[in-house]
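Below you'll find the structures, each written out as structure tokens.
You will see chain A twice below: alongside chain B first, and alongside chain C after that.
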Partner chain A sequence: MTQLSFLTSKPWIWSFAAAMATWVITMLFTGGSSFVGLSQATLTFASFSIIVGLGQMLVITLGPGNIDLSVPSTITLAGTVALKLMDGQSSWLLLGFFAALAIGLAVGLSNYALIKLLRIPPIIATLSMSFIVQSSAIWYNRGLRVKPPKVLADFTTEATFGIPNLALVALALSIFVWWLLEKSVFGRWISAIGQSPFAARMAGIPVDGARLMTYVCCACFASVCGFLLASFSGGAALNMGTEYLLMSIAVVIIGGTAVTGGNSNVPGIWGASLFMFLVVSMLNTYGFGAGVRLILTGLIIITVILAASRPSARAR
Partner chain B sequence: MNFKTVIMASVAMLCAAAPLSAQADTSSKKIALSNNYAGNSWRQAMLTSWDKVASEAVKSGVVAAGDAFTTAENQATEQAAQIQNMILQGYDAIVVNAASPTALNGAVKEACDAGITVVSFDGIVTEPCAWRIAVDFKEMGRSQVEYLSGRFPDGGNLLEVRGLAGVFVDDEISAGIHAGVEQFPQFKIVGSVHGDWAQDVAQRAVAGVLPSLPEVVGVVTQGGDGYGAAQAFAAANRPTPVIVMGNREDELQWWKEQKDANGYETMSVSIAPGVSTLAFWVAQQVLDGQDVPKDLTVPFLSISQDTLEESLKSTQKGGVANVEYALEDAKAVISGAK
Partner chain C sequence: MKGFSARLLIPVISLAILLCAVFYLQPRTMSYLGLNLLFNLAVPIALATIAQMIIMSVNDLDLSIGTFVSFAACVTAAFMPETPLLAIAILLAAIAAYAVLGFVITLQSLPSIVVTLGMSFVWGGLAVLILPSPGGQAPDWLRSIMTVKPPLMPMAIVASIIIALVSHFIIMRTTFGVAIRGAGGNGRSLVRAGWSLLKIKAAAYALAAFFAILSGMALVGLTTAADANIALRYTLLSIAGVILGGGEFVGGRVSPIGAVVGALTLTLAASFLSFLHISPDWQIGAQGAILIVVLGLRLIFNFGKRKGSAS
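Let's look at the complex of A and B:
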């Protein structure tokens, strides 16, 4: 009975269960010999989704209508600018990193300026912002790939004690976000805004300040992801962020964060990100064609979301 | 001083002679490029090449305009609307890199009915009134397997990195690769993943499937994915197979490093982004009243072990190996198709 209530109170259990199941099924194909390789690859590639997912989760927590569609273009612009500034020189590493962060800051501020000052709904504001940001990336370097500095390329591709460095970065950021949400006043604020913006305002919460901070956070997470992704894959590309638009939203939803806002879930982001990588690997490993693979991916995601949302409905 | 004057004079002569040699009939004609996507380095190089050749042609009076337009969302409906706008703007020829081989046919037909020459390339359209500059993508796939059969007469396992699922080009190249495997049955495709023609996506897809794959001797690719595949093999601590490259500078650079370090051998094949300039000259030739067959084939650009250094030198850092076509090249392609 206690176990059951534990399950119902933790919606993230389902994304981990799904990730675990796909992991086991994929390994069965090779009789377990792919244990280390598959696990490391999964942790590495899931890290990118985790980092963007954390930012998107904060925004979605703000309540209905809040979403950041400028994530992919922010990834692209941050990666492009940072790598071009560093120009392969390890001594310019900090400059590149802060340039990426500055881009995140600027995109986040502009997003909220559009939303607040021009009263444009977030979905439209961030979408139009993404066109501006993407065009800036095209204009800035015309899609030419600049190699990352050696130190950075090594850091992003290597592992410490068998755990990929990227996963450790993602873990540190996750703990920070978890602390932000669970232990800090700011986290209470954005949950309160997500549950009822009106009540939050009445309670004296600085709603606009909190929302602004959240959009800035989300853009900064995206820019850090772009910086790491470009360093990891040997250079920025104009289409490097495309994948992460739906991915960032999917990991939030599968992870058990309420789409309606007011309730976020950090562990779920991990489960969902691992799962999203593994499900593609599993279907690739078993050699399904692209069509079948996409349909199965969709069906599996629906199943996980249904499983994750049913207990919470019962709990209500 | 004297030398300078001679050069100046010859430049002036060339400028004066260029419009004459290119037949002045098209000097009042306007050509537009309708492009569906600009979000990767290949497309950027394609647009740059177009811009270079078209602006020179405008300057020397061969045509009146050579404007390029790109749609924002890579949607056929958006591109159809763009073509309709071009009809209204009074262009004499529209060069199209189409988002879909069939979905633009209505708009293309409208343009033809309005007396406009439509030349499609790379992403071609099936509408019969348009010209098509197609790439023999099947042969591009097949030739990779043929090359590998030379390297591994006994055959072995292959990993296939495909492009973007559901796109015509991806189906064609993949069909060519499978035809190649049928022709050389000593090879077996043990894994097939979609890399979306992007290094990071290819890297992720290959890394995900690699732990479950047996020994692989070769990786057949579609371009823009070879470097990512190489990175995935390196990360998994597996021996690097022969990875067919796709003419991107980072791929060639990686190949060069491997070649210098351990004598690594492979090949590289792709379409030069400058194919847009070939389409430009074909459109100009049609406007000029020349008899041009409706279906033309563009040769692909392949780089071998011997031409690697040379190609690398002429490729822009971080870009794609490229060739820009001149009027003579277009004439040669046209007469070759007759």
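Let's look at the complex of A and C:
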């Protein structure tokens, strides 16, 4: 009975269980030969989804309708600008990093300006913003592919004590967000806003300030992800952010964060991100065609959502 | 009735302004042929927008509309000319699948965003299986419907008006439509009144699938071929169209006529930008800017209204 209530009280269990299951199934097929390779690749690629997912989670926690669709274009623009500024020189590393952060800051501020000042629903506001950001990236990029500085390229592709550096970065950011949500006043604020904006306002919470900070945080996480992703893949590409639009939303929801807001879940993002990558690599290992692979990915996502939803549905 | 016209005012004004701008930039579009070319591709977008609007009126959001329209287009192009019965059977099964989705989403109170996100992979995969490479062909009857030349007004305009009126009738005038909007407005009171929320949402999803399939078929009729990625951008376009047309994400507040006008506005915005000779780099960005401006207009109007009601 205690075990059962543990399961229902920890929604992230499901995403980890799903990730473990897919990992074992993939291992069975390869006979354990790819143990280190698969684990490292999974941790590396999952790190990107974890970083963008953390930001998206903060925004989704703000309540129904809050979502940031400008994530992919922010990733692209930050990666493009940072790499072009650094121009392969390790000495310009900090400049590139801060340029990426500045882009995140600017996109986040503009997003919230549209939402607050023009009262555009967040979905459409961030969507319109993403068009403008994407255009800026196209205009700035000019089809150039600048190589990342050697230090950065090494850092993003190497591992410390067998754990990929990127996974360590993602871990540090996750602990920061966990602290933010669970231990800081700011986290209490955004959970309160997500549960009831009206009550939050009545309780004297600076609702607009907290929402602004959240959108800025989300855009900054996306720009950091873009910075790392471009360094990892040896250069920025105009479509490098595309897959993270759906990915960032999927890992948040599969990870057990309430889509209606007010309740977030940091460990779940890890489980879900590992799971999403493992599904793809499992289907690849089994050698399915593109069509079957897509169908199975979709069905597996829905199955996990269904499995995870049951306890909360019963509780109601 | 008053709320109805106020909700429609902004979208119609935006469309009119944009149309005048296009006429000014390129007077040759002010003709039968010109208008048809301007609005041709609006027909499938308008149908997809209506589909999205139906889902939004029950407080859900469909992130798989684009892939589903692509799927319907692939089925139409691959099977409709040779084996129409098979094509119809597949499309009917797809409508049934949507009804099941609506049922399950309501039963388990699942987030529609994620379920449809998962379904977008499924539809995309099926589309790739059906048409691994771009191809297929449009059945002759479909081609002739989409290229018919009615007197006085071009087909695209006539079709848009028909879509607007038919969907307006279904959503705003029938009991079924009221029930759908009621499910979005206040599901609990609807249940108290003796309706089954499960049935209503399943039916709403099925109706949305029907309109999305029409969208895919219209698209094939225009392009005469299909591929698995043909309509991916419809997902975001349809959401933007509904909002431009005065719809809202929650509360069952939607406007079918507005949604069609919104879809026309979005289509026209693309033509407007190409007539402006904006550098291709900034084409997408300018579309974003137009969206922002049109939605900003709504704010000015709302301010005026509030002042009016206060005085």
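Quick notes on this structure:
As a working rule, the second predicted complex is superposed on the first by the 314 of 316 C-alpha atoms of A that agree within 3 Å, B and C clash if a C-alpha of one lies under 4 Å from a C-alpha of the other, contacts with A are read in each partner's own complex, and residues count from 1 in each chain.
One rule holds for everything that comes next: contacts are C-beta pairs under 8 Å (C-beta built on N, C-alpha and C of every residue); 3 or more make two chains touch, one makes a residue touch a chain.
Remember, it's a predicted structure, so these values are computed and weren't measured experimentally.
By the touch criterion defined above, A:34 reaches chain B but does not reach chain C.
In the superposition on chain A, A:269 contacts neither chain B nor chain C. Shared-chain residue A:131: touches chain B and chain C both. In the superposition on chain A, contact of A:305 is made with chain C only, not with chain B.
Once the two complexes are overlaid on the shared chain, A:44 sits against chain B while remaining clear of chain C. Of the two partner chains, both chain B and chain C are touched by A:294. Of the two partner chains, neither chain B nor chain C is touched by A:57. By the document's definition of touching, of the two partners only chain C reaches A:253; chain B does not.
Of the two partner chains placed by the overlay, neither chain B nor chain C lies in contact with A:77. Chain A residues 131, 134, 138, 290-291, 294 lie at the interface with chain B in one structure and with chain C in the other. On the side of chain C, the complex with chain A involves touching residues 63, 104, 107-111, 113-115, 117-129, 132, 236, 239-240, 243, 248-250, 279, 281-289, 291-292, 295-296, 298-299, 302. Note for the complex: chain B touches chain A at residues 38-41, 43-45, 48, 72, 162, 165-166, 191-194, 196, 198-201, 203-205, 207-212, 227-228, 231, 235-236, 248-250, 316-319. If you check the complex, the residues on chain A that touch chain B are 26, 29-30, 33-34, 36-38, 40-42, 44-45, 131, 134, 138, 141-147, 157, 229, 232-235, 237-240, 242-243, 277-278, 280-281, 284-285, 287, 290-291, 294.
Put simply, chain A touches chain C in their complex at residues 64-65, 69, 114, 118-121, 123-125, 127-136, 138-139, 246, 249-250, 253-254, 259-260, 289-299, 301-302, 305-306, 309-310, 312-313, 316.
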